[in-house]
Structure formats: C-alpha cells, structure tokens
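Chain IDs A, B, C and D follow the sequence of writing; residue 1 opens each chain.
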C-alpha cells in the first residue's frame, strides 16, 4: 500500500547528468513502467528508489514521506536485476530465502515460505538446485521469488523480460501481471521495449536523455503523444507540417480537418499512424482525401507497407492488407483518406 | 571536510600498514649495505662505507658471474616453460577431454608436494646421466616448480578464449603461424607476461634445487648469497641481497600493469 | 591432427616433463626410502628407515614445529590478505601506487625476505635498536626473541610478509572479477554491511581463499631456505631435517631422508585432501541429493 | 617498447658475462718452473714423474670445494692462488663454495654410489678431522701423493700434529694447508680482566647470566669449545687419548654434560637455543648480545676488526691450560678427472710463497704449516716479519699453550651426545 513519488529527482555522475528533474508519481498498487531508449536514466531512477544510489538533488517519497535517509537495506524497495544476480554459491532455496535470513527469520519459517514462493513462481521442488542448473527463464523467476518473499513495499523490476526469448516473455509477463494483481503491490518496471511497457503497465513514464517526456496510460502514447519524439518512439512515421487554426490545419498538401483537441493554435506537426491511413476510391465523399504516388511496396506477411509521395516531397507510410495492395503497383496513383479523429497535432 | 573524514577511515590505517609492512624489511638492508661498523645500539651506521658494494662489484667476488648464471638459467627456464606450457594451457583451458581432472591434478601436483623431495629422489639419476653440476640439469630441475604455474596461468586465459577468432582468421587466409602471431598472441599477451614473470621469479629465487643439482658449481645469486648469509658479513649480505632483487623488480615494473589489471591470469590461482 | 587426440598432443610435452622429472623423482624417493634401487644392485625392500625416523624424538618434534609454522603462517597471511584485498578493492587517491607497493614483494626471493626479517627482528636488530632508542629496552636480551626462537615466529613473519601479498593479489583479482553486483543485490534484499560481507563477499572469496591457502600451506610446509636462515638449530623444520640427513656423511641416512620426504608428501596430500573436501562438503552433499 | 629494450639489455649482459666466464685458452706458451719432487718418494699412482704431472695439469680445471663463508679466504683463493696457478702452470682454479664440509663428502659418496668413478665433479677438497676419516675409510681419496709434492720438503713429516689428522695417519692422502689454534675473543672495553682458565670462565658465566653462549655442535668452532670443557671436566685430555672406547666414553663424558648443563640456565636465551653456526655467534658478539666470541683461527678477530665488524678494542686469549690446535689439509677425491692439476694446486699451496701470503692478516692470517727449520734463511726472516693484527697473540704464546685434538670418532661421539645430553631438554 505504497504510493511512490519522485520530486524533481536529478542524478549526476561527474560531468554526466543521468537524470534531470524527474517528477513522477507511481500510484499505489499499480504497475508503472519507466520506458525509454537505453542510457536514458531509467535504471538510475530505479536504483535511486532502491537506495543503491543517492540522488544529486530532489526527493523520493513513499506515502508522502521522504525515504532518502533510510539505508538501502532498510528501505524494503526490492529490485529484481536484469541479469538475475542469483548467488552462485547458494542453492535456489537459499537464494529465495536470503532476504528473510538477513532479517533473522527462523529457519523453519524460511523453509516453508521458500516452498510457497517457489510454487508461486511455478518452480515447486527446485529448492535444492544450483542456480547454474536452471534455464534463464527459471533463474528470472527465482529472482522474482527472492524479491517477493520479503514482501516489499515497492517492487522494482529492471528489464525483467529482456533476457528471455519470445515464448518465455509472454509467460513471464503474465506471471508478473497476475502476481502483481494478486499481491496488489506497487511495482515499477524499467524497460526499453514499448510493447512490453504497454502490455505490462497501468501507467508509463517515457524518458529521453534523463528527462521525463510524457506520463500517462499506455493508450495516450498512441493516441495523444506529446511530442514528435514520443510519437516516433511509439512507431509513428507520418508527420505533416502545418498551421493549426481551430479544427483545421493548413499543410503543404492541403488543409486537413482534425478532431477537437486542447493544442493551441499555431505551427504544428500533424501525425497519423500508418495503420490509420486508408486507401479509398477517388469519390471525394470523405474529408481529408489526398492524391499520392506509390513509391515502394514492402510485403510483410500480415500486411503490406506502402511508401507514398504526396505533392513534391511529402512522404507518408500506410499499412494495408496484402490483397488490397496487389491492385496498386509501384508508380500508380492512389487516393488516401486521413480520418480526422486519428490526426493528432504535435506542438 | 570529506578529506578529513577520509584520512580517519580504518582503510587508511590498513593502507598505511601495507606500505610500512611491505617496505620495512628493506630499510635495514639498505642501511647495512653502506655501513661500516654498525654495532648495537646505534640506530644508524657509525660510519658509512662502500666496502660491501666495492666487493660486490669486484671481479673477485664473482657476483657478475653469478648474475650471469642466474639470468641465463631464469631466462632459459622462462622460455622453455612457456614453450612447453603454452600448448598444455590451451588444452586445459579450451578443450573437454577424458581424464582432464586427472591431468589437471597431475600438473598441479608439484605446487603442493615439495619439489625438494622429488629433486632428492631424482638426484641419483641426474648424477648417473651427467645432469649435475651444469646449467642443463639446473634448468631441468627448475622446470618442476615453474611449469605448473605457467600452465595454470595460461589455462586461465584460454578458459575465456574464443577460438572462433582463429577460425575467422583462417577463413580470411591466415596461415597457422599468422593465426598464432596475429590472433592468439595478442589475445593472450598479458597472461603470457604474467606467466613469464612468475616463471622468471620462481627460477630466479631457487636456492636448494640449484645447490643440489648444480652441485655448487652452478653458482647462481641465491647460492652465492646464502654462503654470505652464513658468513655473517651483514654489509656484503645486504648489498648482495639488493643486487639479487634488482632484476626481479625491473621485471615486475615491466609487467606490473598486466598483473593488476588482468584478473583472468591471476584469478586462475583461485580455481585450483 | 585428429580432433580427439588434439588435447593430448598439446599436453604431451608438459606431461612428459612432470611425469619424468617430478613423478619419477617422487617414485625414486619412495624406492630409496625402502632401500630398493635395482640399478645400484639393491633390491631388498626394508622399512628400517621409517622405523628409525619414527622412533626419533627429533622427528616428531620437527613434525609438530613444521605443522605449527605452516598452519600459523597460512592462517595469519590469509586473514591479512583478506583485509588488504578489501581495503584495495575500490579505487581511491593513490590506489595505483599502493597496489604497486602491495605487489612489490612478489618478486622478492624468500632468501632476501629472510635476511630482511633477520636484520629487522634479531635481538640486536633494527627494531631492537629503535626500542633501545625509545628507552624500552636496555640490552639486546630484553628484546623479545623473535628469530631463532622456539615458536619460530621469525619464520612465520617472513612467510606472512611474503605470502600475504600473493594471496592478497589473488583475492583482489577474484573481487575484481565478480564485481559488486551481488553485494548490491544483497543490500537491496535487506542485508546490512556485515551481512553483505558474511553472506556474499566471503562465500564468493572462499574458493580462491582455499586455493591460495592450500598453496601457501604446502609451500611453507615444504620450504627450506627460510627455516635455515631464521630457524632454531633444534628442532629444525622437516625439510631442513630431511636435507641434513640427505647430505649426512653417513650414506645410511639417505633412506631416512627419503622416508621423511615420503612422509612430508603424504602428510601434505592428506591434509590438503581433507581441507578441500571439508570446504566442498556442502556442495557435494547438495549435488548428491539431486 | 621499453620491455624489448630491457630484455635485449639483459641478453647482452648475459652473453658478455658468459664470455667472461669461459676459461681463457692458454696454449703452449707457459714456461714451467723447474721443480723436482721430494727425493726417495714413489710418484703418485698413474704418473711417472713430476714432469708428467705438470704436463698433464696444463689446461685442466680444478674444482676446489671449500667452506665459502669468508670473503677474505674466498678472495685469496679466487684471486692470488687462482691467478698464480693459471699463470705458472696453465691450471684454471674454480673455487666452489660450500656451507658445510659434509656436503662435498656426501657429494663424492653420491657419485660413487651412482657409479661415476671416472669423471667426478670434485677435484680438490679442503678437509680435516671427521670428514678426512670418512673419505679415507670409504676409499674416496686419491693417493698417496702429498709426500711426493716438491714443496713437501718444507713439511716436517715427523711432527705428529702434521703427520696425523685427528689421530688418523695422513699417509700421503692429504697435503698440509695450514694450522689453526683455538682462541677466546672478548672486548677489552667491556671486560678488563678476562678469565684465564676454564674454571674462571665458568664462574664468569654464572656471575653474568645471558652474556655467554657457544655455537651448537657440529659447528666446527662450537664443537671445539665443547671439547675444551670436556678436557676440563674429565681432568685433562690425557684421559681421552687413543682409539675411541665406548666404555670410557660412557664413564668419563657425563661429567662434561653436567658442567654444560649447569651453565645452561646462565647462557644466552637461558640455553634454550644455541647459535647454529660460528658466524651467527660472531654476530651476537659484534652486537654485544654476548661478551665472548671464540675462533679456531687466532688471527680471525684481527681481520674482523680490520673490516669493521668487530670493535677496535677486541682482544683474544688462550686458557692457561692451553687450547686445542690442529692442521688442515687439502685432498683429492678418487674420481677426480683432473688429479694432476689438483696436485699442482696442492703443491702451490704448500710453497713458502703461498704460505707467506696466506699468513698476512689482510689476506687471511692463517698459521703457516711449514717447519721454519726446513726453510731458507730468507724465508724464515719473511715469516718472522709477518705483522700481527691488534687482536692476535704472538706465535710464541700460542705455541706454548697448545693441546692436541682427539681422534675423530671421539669428536663424532661427543657431537652426537651433546645433542641428546645438552641441547634437547
């Protein structure tokens, strides 16, 4: 039952600023993902919350109280490291029970709890194995059990899925999700993979270069990105420069209608995700119809990606079904429809 | 503020103890080597003299010839042990094969069993086959304590070695020698230096094996030094001790960066 | 070259040297200890030499002295090495210099170390003179007997001086190899400073410490020069006793020297087997269960 | 590439040194001095006459195994002697220093055991007492040769102290090298009136606890000191003369152990340990840890003053009842491949010239073994003119207080018994 707040958190390593003025609230009992390209400062924030690093400035609050004076071993903000960091000289069971042993819990109690937690991560009966006898996925689950057994106030996961192959990822993701729901534990996940963040988290904080770019529920990052950089990170490729006036944006390829939104009038970039651009017959019944030439068609199995040129030099990408794409060869002219509620202006 | 705090840390005391502890025995050595009449209870020599140094460098003292013998033996042992031990280190580090544990144990055995015991045992055969009283016999007997360390250090580096680089070089047209020269050698060079340092030092320091097999005729520096230790002439003993450690120190200076920076080579000792 | 044979071919030169020189030497020592030397025309096997040395009081006293020196040197130097390695582990101002000084006595021969200890600790040595200057003692006899003493403290000091750096460097290399991630993980799981040392650093260092201790123990048990320079006349350390018997003008003492060699070899073998087994019991038991 | 330079430098140094170590080839340019053997003596086995010896010796190298603990003696042998025999006889002398006599006895024994009867590694040894007896009895010595040496005409072979080595007849198997006599050493700045008899010394030890000790036998010097106490304890050396007799030993020697055990609590370190060598004992004396030193060489104290190791006020004395004296020799192992050259060296060591040089305190200070009566007037004058060091007693005083050595088996028995009766509590 812990709300974690970061207030103007900054961390410098010598001349290098790893984290700069990050303020974020991780709501109680939810999963918050810290997302961003590698080296953007996510793990630094995680370690700062865990107490393994001291912030250069700013504060970390648990339920409104600063925890900076508390040493790492007393903070109970437990981290699951990217490379598991299981103690190689201890058995699986001893690894899982490590935190309880540090707290002076009785051996019999530890044994019992270890079995429970191994069962919880679906590794029952493996207590006597050595970590190096387990697969990568199993090791990751042992590391998770080792963290959960001390009933952390905050669970910190550093790239929990990055060392796993696709199949195991799915399994692990579900496990984390279900355990988190069951234990109702405030969780912060660090990841560089936007898909993972979207599937796992209730809230995402996207970071670039040590700064927080956008915080919000996953759908916001697709539908309402705050900057071109955020949109690009989530796979947006189409940007049209224009001048916004009310619900109309004047661009080089014509004036386009957009849905009502809170962005101020003035110069903007319109973005639309490739899957939302539609090929239509040239009938003019729909708004925002444009003419384009197919420059390149890339077959991708479930869909075909078309690169189009509008006017002299404006490029757009769209996704369409492979069957629909068969009718349009390279060099043919096509008609496009940009649905107004999928056009989002970026300041 | 932080500076003051640092100096008061227990670690600072430990570091000071390290420096004093390591260097202290050298102080009386240096003082004795230039002393003349230094009797108790004087803390410093009553008068200074270069008598010991003059003697050490006079042709009569045969220090130069002992230096030559020591260097010759140590360099031969170093070269030979690397030549012999390099393939073994590769085999132990890189390959899995039947009997590996036994082979490993056998090669390491001389680091555990006193080599003097083996040397006394084989002495009678060395006498029989003319391997006593000459450099060849001394070099051979030095190989016993040296070779395990060389193999150990080199197998350590080969354990982390990726032979695919050699395969890559081969596909790019490198001959066996070129592969060794341009791929293997640069990769293992730091460990090779450490192995060389250990081989040199172990051989350089041998006293009793040299005395036993060299029969007193291969007068290396330790043999000469020991006769002065037993002569009780502290000034000459001290000067000779300093001569004795100088080349090994030079060798260390040349290779120290490989010793501390490279955990793979020394870490091998931890995997015994 | 056939791949299966390749490792054996690579090992052949080393194995030849070790088997012929070392293995042959140990075998010949064993043969000579029972008086069996066919190429000298002696084929009668007798255990007289063993009987003779086991009856000597001098042998058992030498044995216990040697064991004491080896155990004490190993324990003290390993402990000090641990402290030094931990102190030198993380970088600080002057780290390179102090690490270099720490390595400085690696190439120093034991013989020189023994001379240094002698000049430093004898009752009229450098420290005794400093003590006299400080008014702590008035004559050499007041200074504690550290060299040529019954407890062989001088010998132990020399071994500690030399081997602390050796073990320390091995531990330092191990520490640098494992990094401090596991300690961070332990801290994160609630381990305090002492618990991190006790349950993480120490277990990580244990294999290296055992290996280094075994090397140091075996070396100090079998070494010759240092006891010769710093040791008491009686009882002498086992290797010195063995060598003295070997060069005795009575050739009949040679089988006794060989018998001592065989006993030294066996003892070291047994002690090391026991110690490595003890340190691995836990692991063996765990492996056995699965 | 500093490293490479370093290695190159070393290699160069090694090559230069090795080159320097090569024996210089001296071809047929040597004019051999006219020498003739002592009249009426058979030539040594394997040689027709002395000329044959000289011819065979040319170009040979002599490995001279000797105690190497004195830079003074080492310097004299590798310098003066080596230069002279090289120059005059074309013989290369290679001194091989050993820490202890038994080492080379054992070496020759080992070679005999391994069947190396022709090409042994030892050509000449510095020997006397027990080691001579062992080698002689194990037939490890070549001879007889010594009475045939041209310079042996200066040796008085009728003198029992020369013709017998610790009671065993020399018989031409050893060539005399020098003489020695035991002296006690003290610092006159610390002790004004040193004890002059064994009894007085024992009293002094008990009155001044912790300031006396002696090197543990079988150290040569310590063993000699123990013999002095034994002579005293059994009421004179006369009681121990002759062949070794175990019954006599068991009856007489306990008195000696009693005396030694009585003073033990008053010794340095309360007698719990003893210096293991004479040189260790010298150090104790030099640093004032003990107040008496002893030496089986009357001139040693003077040379130690000379090179700064002993205080200038160091002096020596002999007991009123006398001190033990003996003769030391050189001998040739039976399997030496260079017997001719070894004889040439032994002969040179016997020459008045070499003996005179050896007697100079700055060279060695060893007592000459030649009989003054057999020397020419010129040589006699030269010997008389040898300067004595500050701490050395006069030849007359030494000669007036001389005691004989026991036969070697007595020594061995005393040394062994000392370990069990005195050293081991």
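We adopt the following convention: contacts are C-beta pairs under 8 Å (C-beta built on N, C-alpha and C of every residue); 3 or more make two chains touch, one makes a residue touch a chain.
Keep in mind the model is a prediction, meaning the values are calculated, not measured.
Asks: B-D or A-C: which has the larger count of contacting C-beta pairs?
Replies: Output for the comparison: B-D.
Asks: Based on the averaged CA atom positions, which chain is farthest from subunit A?
Replies: Of all the other chains, the one whose centre lies farthest from subunit A is D.
Asks: Any idea how many Å lie between the Cα centroids of subunit C and subunit D?
Replies: Each chain's C-alpha centroid was found; their separation is 38 Å.
Asks: How many angstrom lie between the CA centroids of subunit A and subunit B, rounded to a whole number?
Replies: Result: the chain centres lie 56 Å from each other.
Asks: Residues of subunit B touching 2+ other chains?
Replies: 40-41, 124-125, 128, 226, 234 - these are the residues of subunit B that touch more than one other chain.
Asks: If a residue has to touch 2 or more other chains to count, which residues of subunit A qualify?
Replies: none
Asks: Pull out every residue in subunit D that's touching 2 or more other chains.
Replies: If we look for residues of subunit D contacting two or more partner chains, we find 103, 113-115, 280, 283, 287-289.
Asks: Considering every pair of chains, which are in touch?
Replies: A-C, B-C, B-D, C-D
Asks: Mind pulling up the subunit B residues that touch subunit D in the complex?
Replies: 35-37, 39-41, 47, 49, 51, 55, 60-62, 64-65, 67-68, 71-72, 75, 123-125, 127-128, 130, 132-133, 215-217, 219, 223-224, 226-228, 230-236, 247, 250, 254-255
Asks: Going by the contact rule set out above, which residues of subunit C touch subunit A in the complex?
Replies: Residue list for subunit C touching subunit A: 181-182, 184-192, 195, 199-200, 203-204, 206, 286-287, 289-290.
Asks: Mind listing the subunit C positions that touch subunit B in their complex?
Replies: Residues 4, 6-11, 13-15, 17-19, 21-32, 37, 39-40, 83-84, 87-88, 92, 94, 98-117, 119-120, 124-126, 128-130, 132-133, 140, 161, 164-165, 169-174, 176-177, 207-208, 211-212, 214-215, 218-219, 221-225, 228-229, 239, 242-243, 246, 257-258, 261-262, 264-265, 268-269, 272.
Asks: State the interface residues of subunit C toward subunit D in the complex, per the touch definition above.
Replies: 40, 57-58, 122-124, 139-141, 145, 148-150, 231-234, 246-249, 251
Asks: Which residues of subunit D touch subunit B once you look at their complex with the stated criterion?
Replies: Subunit D reaches subunit B through residues 2-3, 6, 10-11, 13-14, 16-18, 20-21, 63, 65, 68-71, 74-75, 78-79, 94, 96-99, 103-104, 107, 110-111, 113-116, 119, 121, 277, 279-280, 282-283, 286-289, 307-309, 311.
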